[in-house]
Structures are given as structure tokens and as C-alpha cells.
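Order of writing sets the labels: A, B, C, D and E. Residues in every chain begin at 1.
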């Protein structure tokens, strides 16, 4: 069963075609990574899925429902959530309050405090729970935003460079967490440049280049592809 | 002397937009009070002023009218420049049954037993001004007026009196308060080709009209009931932008009579930096003397007693501009109306004057405060109900 | 025992991360202040009582703006539009309906309702049109200035609704004050004792209700939108509805202020919607500390009182002193004057303790 | 009246409205549009320019020099205000509302106390010309030229000079600019001073045509804010077209239905334009171009 | 032994009342490339900001070329030849790519001939998009711009805060190469905060480990070849 499908998705800015006829399908329960050179259009693709940008043409289907014209918040309510590339948090609110706002959707008032504490613990932010989110370190902000995204208990989780700025250990921990969530039924689509992480989580990998699907396959197939090495990976991973 | 003082509340705008025309009113009241106290007060009681700066802000009038009446317990209040400020405080004066003097030229029509109005009103100014202008310059009239009560009601008076005198309105334009740019208006006037322009401009922004009309070489004579007498535009703008402006005033500092000269002398002695002594300063000054007479004759500051004196119909003082008498029906005041003509070099000459011009309209229209007190403001198009 | 837990339950509703002031100490202080406010008329003359009612009148608009701006992050520069609309509405209704049978109270409700309706229409236009930031400020300012300029030229007799003349710039007067029907003669609420208690009660109710609102889920979302509207939307909230909701509630409170003010002085004027009038609520709320209802309330009251005192005793220097006070407050008390004073006294207190 | 004169008169009225909008707005475009300081004392900088240039003429300076003196004086006043009051507030722009409101009160009332309720004007120079039965003020044509010249100069300054480059960088990300070796305090001060000087220039230019009173700045405020906001974030792409659009609307409505229609129409036009372009005119242009 | 280019002793710093750095001692010699590693939130960025002067040092001292710079504002320090690339890129969003580069160059006050070509050579995307507004560039493109921008000023020491973040692998490699090349060619010194082990190993000659606001270890080049050792310092 597919959870997400795009059909001939096009978006251009001025003369620049950022995505060109992208046909992409994501199976329910999959862990999928989207990789590709800087400026390939990965973040833009996410924004199209979320409704932050309107496509020039093409269609987006979520769980077989056409959501191309749906408002962003409607898409979220259908079960998509996102962690952006640049941390999007509520800077002047405490770390705790950030999570409360995400959690209050599903969690009854009585359990809210407890639930937030659990999530804080999980994100290793318990110590900083009263800290204003804007004063967290860069990595902590990333954690917080991931926490807000998973707090929504989405069916599809979009992560734009979730591990940027994390130590290898933390990256690994993030991967494990995603596996756990995946086991609970969450589909994950992540943009990453960290190949170790991609290897750790991805069932399948799609390479985007110049707005087009350039290659698709398992991580081993992709890293073995000399064309991908040339445009993207470089010598180390080739 | 330990006679209890008579307290006079003074609510005038000493800052903000209207300060230009009203600071002099406060000074005039201070001058009169000082004179009266030097001469032994009112019936032996000294006059004490309770002053507040109302900052050209209606809400301050509301706040301080309550304060002077309730807290300071003044015997009378001298208050207000703009008609809006008067309307803002009038309900409060009525509520506490106080006595307020409105010492300002205005659009007319206030029929309220708690108010005495010493300023000139349209019938006094236009019934004199317009026939003169039509006779001397021609019948085609263009009015530009501030787009609010004063301007609209005055324009209505102009319309009516022009018609009565065989003139024609070739244009009428209303300018929102605060407008300072007049290019289009100047062009409209040129298109209408009037013989003279009636300018009923209010506020400092609108006064910019004169400079701009002058710069565009409009070159038309002007007539006004409000300009020159209040905002001394002829002193503030460079000649000859106000050339051939005619204004009917009950006073300006240039009035060339012994009483006026004496007044100017006393005023300048006390306030040497006063930029100009305008009509409203003179009215405020005279109003203090009117009040003195009322209290002395009533032997009381009680409003009912004072109004009995007014009803006698002979309360008069000689103000700096001429005699002023209170009309019992409307509690407005008769005036000597001077025609001020601004010459090319912005000096003022007085081609003519009219004595004892009555504020007749309210009384004729049916306001009679000796009979009833509607506490309303009427206009020619919204007169008192026919049965009185 | 059950009592205290119920009490705690209520407290939980009005307390939370979105409001300063919590715990028994705060509420004890609150009760004390309220008691003082109730006892105040016994020690004050009727001028002071009426004057305080006048100050109270404005506080509703200030709290409403705190909700819209301080909590929701939408700077409305046009709250006076709703103030004016409700004031005129009250005037038109009561002049036509009269003051018998509690019709003035009905008029109050209808006038506030009308301003809420107008806010809903304008708010729909603004928020569903995705207008925000300075654009929102300028549009709302433009709306209030249009109303002002329009009302200013309604001097002519053609501008009347029923027997109520709008009366242009001079303003509309002679509407009756709020009147409570009472067996054996209705009570006319002149600016005196009964009006004082009524306004005070309204104030307490509105204050507590707003505290509940901002500490509810609605309030959480509202501050989230202020901090990062995109993120809030990406958490699945239709931010437009929340913004609209806050706008309508806050604007109705401006309307309530308008009605109370109109009834207080039997007068309403277009100048109440002009540029200066429009800027004042923003100044009060900002000086008080816009991010919190309590600081807004206390700060606004303080500014109103201090500025009136200055006008009374400061002669021509009043405006200068006011200006200096505003500048200094902003510079030394970034969180508003109330928190500035609280912080300063804490520091003083601590230093004394340390000695 | 023939069609040529009709067109000329409309162009003149449009130019007049355009010049007023541009000159009112330029200084605010820098201080508010660029720096994000909601400057409610904008009118007081204009008043400062008007008062100083008028005094300079009274003291014998020729008008053009006097106008420049007015601009310089306002610019210096602006730099002082920036140093003392605005500098701590860049990170909390909303608080500038209160601070500048306070400054405005201080300046207006201070001027009233020190200089009295009004100042004697200097008169409008250059006389008038006649065209198709109407006479027009020549000086107002000069105001139009000055408006266009100011726009051009500003554009050059911000796009072609090092100051412009560093100023924009500083305002966008101050801490990085600082770390790139930019003396950001100096840049802030100069930029604010420039904005104030432009306001002073407007004051100096309009001084000969207006009433000189302490509150005169108020009559520029609404037009200035409205123009800057309709223009949108990018002041160079925004201010000129905004002034042009609003100028046409205002001139047309004023000519057709009178001043009230012009005033209310201007405000309603603002509401409509912002509804259509929620990020202002330049927001629209930039989105198209990007 | 060349004099230390950059030296801190017992440096304390933080945000207002909140101390973060607790007596940091590092020294960097002319021509060195030094990495700083550590877990999230230990104070690496805080150290970088304190070095360039965006945060005041609360105690201790910082010397650049022997001169004490604690009292100097950031722009003064920058003019001593220190370049800084903040974490999270912070390009000037509403200026074009080229304008961003020009700001980087303006520090020197003079035209540095050939700099632009050099930067374009390293990061071709910047030339391609010279007139695009920087805020609309992709994340990785912005990071390249941020690095290119600092090179425009011809610094003798650059502080890089997680330069690899968000950059595609082959460009990460080339950035490391570029730095090494500049280091060899011009003697450019580099202090960089990094999590990417490949990049650390490709660039660094030495490495400091930070934890809870302190330097807890100093690793040599030889230590850096031991991946597991680095991992162990970065783990909890």
C-alpha cells in the first residue's frame, strides 16, 4: 500500500525548475531516505508535500487521497508531520511549552504533564525543560523539533536533515529511535547527507538531482552507482 | 481679607493642536482676574483660578470638567476652543448643573441654560461680511470649509446669506481636518471663477492653504469668519499671501479704539511675549467681567440667581472690541463686528464696523432659555421643534 | 479537604505558563487588592470614585489588545475602531430605545455584539487574507482612520439613524447612561458608586475569564502562533481561526470599553477613533508589559493615573515628563513597567537580605 | 478646455501627490522599512527640518542651502536619538513604538515651550506659471523634481556604495556583519541619521509652503506610513511604485469627488492593495523575480 | 617555535547570568588547523562566539598574536584578520549572493584582486547563482556561501562552526581540501567545530575535546587516526 504518491510534480522559481515531473511513491511502513546534491530540490519537495509551496502542476496523494489543494494544517491533521531543515521552534517559549503545544492535540489534559516529561527524557532535554527554546544549542533545537514532530504521532514523518549537527552517537540514537517508531507503524521519509545514518535507517533510497529522480534503490545499490558517486558522494563513499 | 474666594475653572488647550489660538485665552483670563482682584475682587471676594491644560484632547475636557465641578467645586468654568470639546464637556456640566462659559467664535446653535457663549456666531459675522463682499467684489462665491460641524454649518449660513443678497454659489468644497495640501482645491477654484472665496479653514494644517494659494498666484479676495481673528494667519505667513482677506471679527489686536489700545497695553505689559492677542482672548477677558457683573448683581454664585439677572436682559460690559450684552433667550452675546481687511503688506485696516449685532438666530428659531432648557445644539437645517 | 482540592482545581484553570502571578501568595495579594478596591469608595469622595470608573473603562480595551497583540502577536493599530463603533452603536440604540425596561443594558449587549460582528468581518478579511505584521497594523489603522474621517463629516441632519443624529466631529451626545431597572425607580448609573461596583465586577470577571482563556489550549496555540506561525500551522492548527478568535474577543472588549465610556460621559466622538486615540492603547499595553494580562492591567491603570496626575500638576511640562517617562520605561524595563518594578524591588529586597 | 490642458492639470496634480507621498515616506522607508524601527517621531524630524531651514532663511541663508541645513540638522538629531534611545531597541522593534511616541511628545511640547506656538514662514519662492487658464506654483514642480531626485540618489546610495552594502548587511544580520569587520554601531547610527535627514529634507522642502507649528509633522504621518507599508519590505522596489499608485488614486479621487474622497480613498486603496498583495508591492515583485 | 596565533587562558563566558565556559585554555599556532569536538550543548559555539567577540568573556583572557583582545569589539577583532562562519550559516537573506560576498570582502577596505574568482572556483554554484537572493538558496548552498564569504576577506585565521552541516558529501570533502590547500599555500590557520569525523580527519592537525564548558582532552594527529577514540570522546 502506498502512503504517499506524487504524480508529475512540477515547481519552478523564475527560470529555475526546482522539481521536474517528480513521480515518487512511498510505501506504508517504509523508511526512505531522500538524498542528492545541495540545491537538488529536496527541501522544496518537502514543502510541496506539506503545502508550503503550491506546485505548478502535478498531483500529491496521501493515503490515496488527493491533497494537492489542501491547506498545510489539513495535511498535518491527516497524519503528516515534519522537522524542517532550519529549526522551527517557538523561541520565546520554554522547551516544555513547545512540547505541550505539540502534544495537546491528542493527549488529554490530565496526562499532559506526564507525557511531556516522558518526551523530554527521551530527547535528553529534561535538564533544560524551563530553558527558552531559543537559548538551546543548535543540536538541542534539532532534538526539540524532532520531538515536536513525533509528538503528533504522524503516519508519515518527514525529516529534513534530522541529524545535522549531532554527534555520531546521537545520530545513531536518532536512527534507533526512528526504527522504534517505524516498528510502531510510522512511515519515515528523511533527507540526509550523512551516509552512515542513511545506511542505518533506509530501506530504500531515492537520489534527487536537478529536480528529477536520478536514481532509486537500496543503499548498497546507490553507493555502488558511479554516477551517484560523481554528482554527490565523492571518493570516500564510492 | 478672609472672604471666601470665588473659584473659576479654566479648561483650555495649552498644548497640542489648538494651543496656537488658546494660550492667549488663558492669559487674558489671568489678566482679568488679576485686575479684578487688585480692585477688590467680586463683591469683596477674591477670584481664584483653577487651571488645567486640556491638551487639545476631548477626553481631558471630560476628565477635568468633572474635576473642577466635583472636586474643586468651582463656581463657574471657562472652557473650550473646539466645538467638539464643548460638546464633550456639556453633558457633564448639565449633570452637575454647573455654569460654563464658552468664549469662542463657533458655528452657533447651542441652546443650553448651563452655558453662556461669548464668542461670535455665524449670523453676526456673515450677515455683515457677505453683503459687503458681494457689493465690493461681485456676486460669485466659492466656499472652502473645514469638513466638520463648524465648516458645514457655517457654509450653510454662507449659502443662505449669499442667496438673500443676490449672489451665486459657484462652488463649495469641504476639507477634512488635518489636510495640508491644496493644489487640487486651488485648481478647482480657478475653474469655477468666483469673485471671491470664503475660507472657513480650521486648524493649523489647513492654514497652509493661504501660502499655497498665494504661490499659485490665485489672486482672489477672501472672506472669513474664523481666520485672522483666531489664528492670526496674516502674522504667520509671508506677504502677500493673505492680501485682500476680509474677516468679520469682534476683536483683533489691531482694532484702533482707545479701549483696544488700553487692553493691548495691559496685556503686553503682563505677557510681553504674546505672539498675538486674538478675538477669543478678548472674549475670554470680557467674559470674566460679565461674570463679575452677574455675580455682583445676583449677590450669589448660584446659577438660578445668576440666570434671573440674565433674564433682566441688560447685562452688558464694554469689552476691548466694543459693547457685549447677554441675550437672555440664547445666553449668547451681542457684539460690535469689525471688518478687518488684510492689505498687501499684511497690515490690517478696518473699512467698516457694525455695532450691537445681535445673536438673533437661536431666539428667532425658538430657543428661549427663560422658558425651557433643551440643552441641545441646533442648526438652521435642524432647528428647535416648532412648538418651542 | 474537598474544598481545597476544588479550589486548586479552579486555580489550575486561571494559572499556567501563559500568565505571571501564581500560587497562594499571588492570589492572596489579588484578594487583598480586590478587597481594597471594594472598600475604596468608603474612603474616597465621589469625584475620585467617578474618576476611577473612568480609568476602569479603558482597561477592557487594554486587556483585549494584550490578548490580540501580546499573546497572539497580531499588532492591531485599530482597536479604537471597535471602541468607536460600539460607542456610537450604544448611542444610536439608547437614543432611539430610551432607558426604560433595562433597554440600555440590552443596548450595551447589542453594541458589544455589533463590534464583535464587525471584528469578525474585518478579522476574516485580514487573517484569511494572510495579512500580518506591519501590514496588519496599517490596515487596521486605515480602517479606524476611515471611520474617523467618515464620522467627522456627518454633521448634517441627513446623517441620522432614527432620532439619533451622528453629529459629525462635534460628537454624539445626550444618550442616556446605563440604567438598571429596579422596583421603585430604576438606578441610573452615573459615574458614582453603583457604576463603580458594576465596572469593577466586570473587570474582575473579564480578567479571570481571560486568564482562563490564555492558559487553555486555545491560549497555548495563540502564543505558538505569535512565536512561529509556520510551525504552529505545521502542528496542524488552523492558525487563521485562532487569530480570528482572539481578534474578535479582544475587539469585543474594546467595544465594551467604548460603551462604558459613552455611557460614562454621555458622549462619543470621531476623535475616539483618530490617530492619537489609536496609538494610546498600544502605548499603555506596551508600557505595562503586553505579554501578560496582569501587567497589562496594572500597567495601563498606572499609566492612566500617572498621566492624569501629570496633566493636573505638571502644567505645560506634563507632556514632556510623560514623554521622558515613556522613553525611560522602555529603556530600563524591557518587560514593561510592572515587571520592571517587581524585578527592581526583588533586587533591593535581596540586597537587604544579604546584608 | 482642451485635452492637453486637462492632461497637464492631471499630471500636475498627480505629481504633486506623488511628491508629497515620496518625500514624506523616504526617511521612514529607511528607518521603518529598512531598519524596522516603528518611528512615530518621524513627523518631528520633518518638523525639525522645517524649523531649522526656515530659521536659516531668516538668518540670511539662501533657500537651497537652508533646506540642506534643515536636513543636516535633522540627521544629527536622528543620530543622537539613535545613540541614546534606539540603539538598545533593535532586538525589540515593537518597543520602538513607545519610545518614539515619547520622543514625539517631548519634541512637540518642547518646541512649543521654547519656540512658541508657531514660526513665521518664509514664503514660497519662484512664483507661478499659467497654462490653459490655470496658474500653477512653480515651486511645486520643483518639489516633484526633488522627489524623483531623492529616490534616485537613495537608490544609488544603497545599491552602488559600500555604505549601502554594509548598511543592508548590518540590518539583516547584525552579529554576522559585526564579525565581518563592520562597525555596526556606526552603520546603525549613520543609517538612522540618513533616514532622519531625509525626513528633515522633506520638512525643509515643504516648509515654505506650510504652516510652521510644533505639531506640523502629524500631517505627514499617515501618508508616510501608508506609502512605506504598501511598498513592502524592499524600499527601493516598493516606495516609488507605492507612491505612484497611491498618488494616482489620491489625485483622481480628489479631483473627482473632493478632498474627503481623496483622503478616505487613499486609505481604502491601502486596505485593498494590501489585501491583494499581503506582502506589499515589493514582496510581489520579488516573488515574481526570484 | 612560532608564537601562538590565538591563545586563551582560563576563559570564562556565557549568556548573561548563565555561565557556559568554565576556564577554557586553548592555543593555536600560526598555520595550524585545530578541531574542537564535543557533544551537543557543551559550549563549542559559545567558545567560538566568545573568541570572535560576539559574546563578552567574563573572566580569563584571549590573546591574538600576543595582543590581548578581550576589550575589543567583534569588528575590531575581525579586522585583525579573524574570519568567522557561524553555525546555521546566517547569510544576509535579502541580499544577492554576490552582495554577500562583497560584504565579506569589505573588511579589508581594499579590493583583493582575484578573491572573487578564487571563491567562484571553489564553489561554482555561487557564480551560477550570483544574483539570486541568498535567503532563497538551499541549505547547503547557503553554507557554501557562508564559507565563501569569509574567504573573501582574506583572513589569516578562520573560525568555522560546523562547516559541514547540511553539505553534500563530495563538497564536504572538497571544503576540507580547500582548507588544507589554503593552509599549505597561504598559511591560513583554522579553528573549527565539527561532528563529521571524516571531515575532522581530513582537515585537523590537532583536536580539543570539550565537555561541560571545559577542555577535557587534547588529541594529536596520531590520535585522530583512531576513529574509535574520537567516537568515545563524542559519546555520552
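Quick note on the criterion: a residue touches a chain if its C-beta (ideal position, glycine included) is under 8 Å from a C-beta of that chain, and two chains touch if they have at least 3 such contacts.
Bear in mind that the values here come from a model prediction, so they are computed numbers and not experimental data.
Minimum number of contact steps separating chain A from chain B: 2. Using the average of C-alpha coordinates as each chain's centre, B ends up farthest from chain E.
Annotation: 42 Å between the Cα-based centres of chain D and chain E. Rounded to a whole number, the gap between the C-alpha centres of chain C and chain E is 51 angstrom.
Once the centre of each chain is set as its mean CA position, chain B and chain E turn out to be 75 Å apart. Within chain A, contacts with two or more other chains are made by residues 13. In chain B, the residues that touch at least two other chains are 15, 147, 174, 176. Under the contact definition stated at the top, the residues of chain E that touch 2 or more other chains are 136. By the touch criterion stated above, chain C contacts chain A in their complex at residues 17, 217, 220-221, 223-224, 226-228, 230-239. Of all the residues in chain D, the ones that touch chain E in their complex are 162, 165-166, 168-169, 172-173, 175-184, 233-234, 286, 290. Interface of chain E with chain A (complex): residues 15, 37-41, 45, 87-88, 125, 136-141, 143-144, 162, 165-174, 195-198, 231, 234-236. Listed in rising order, the residues of chain B touching chain C in the complex are 14-15, 52-53, 55, 57-60, 62-64, 66-67, 70-71, 83-84, 86-88, 90-92, 95, 147-149, 152-153, 174, 176-177, 375-377, 379, 381-382. On the side of chain A, the complex with chain C involves touching residues 50, 52, 71-74, 76-77, 81-82, 84, 88-94, 96-97, 100-102, 104-105, 148, 152.
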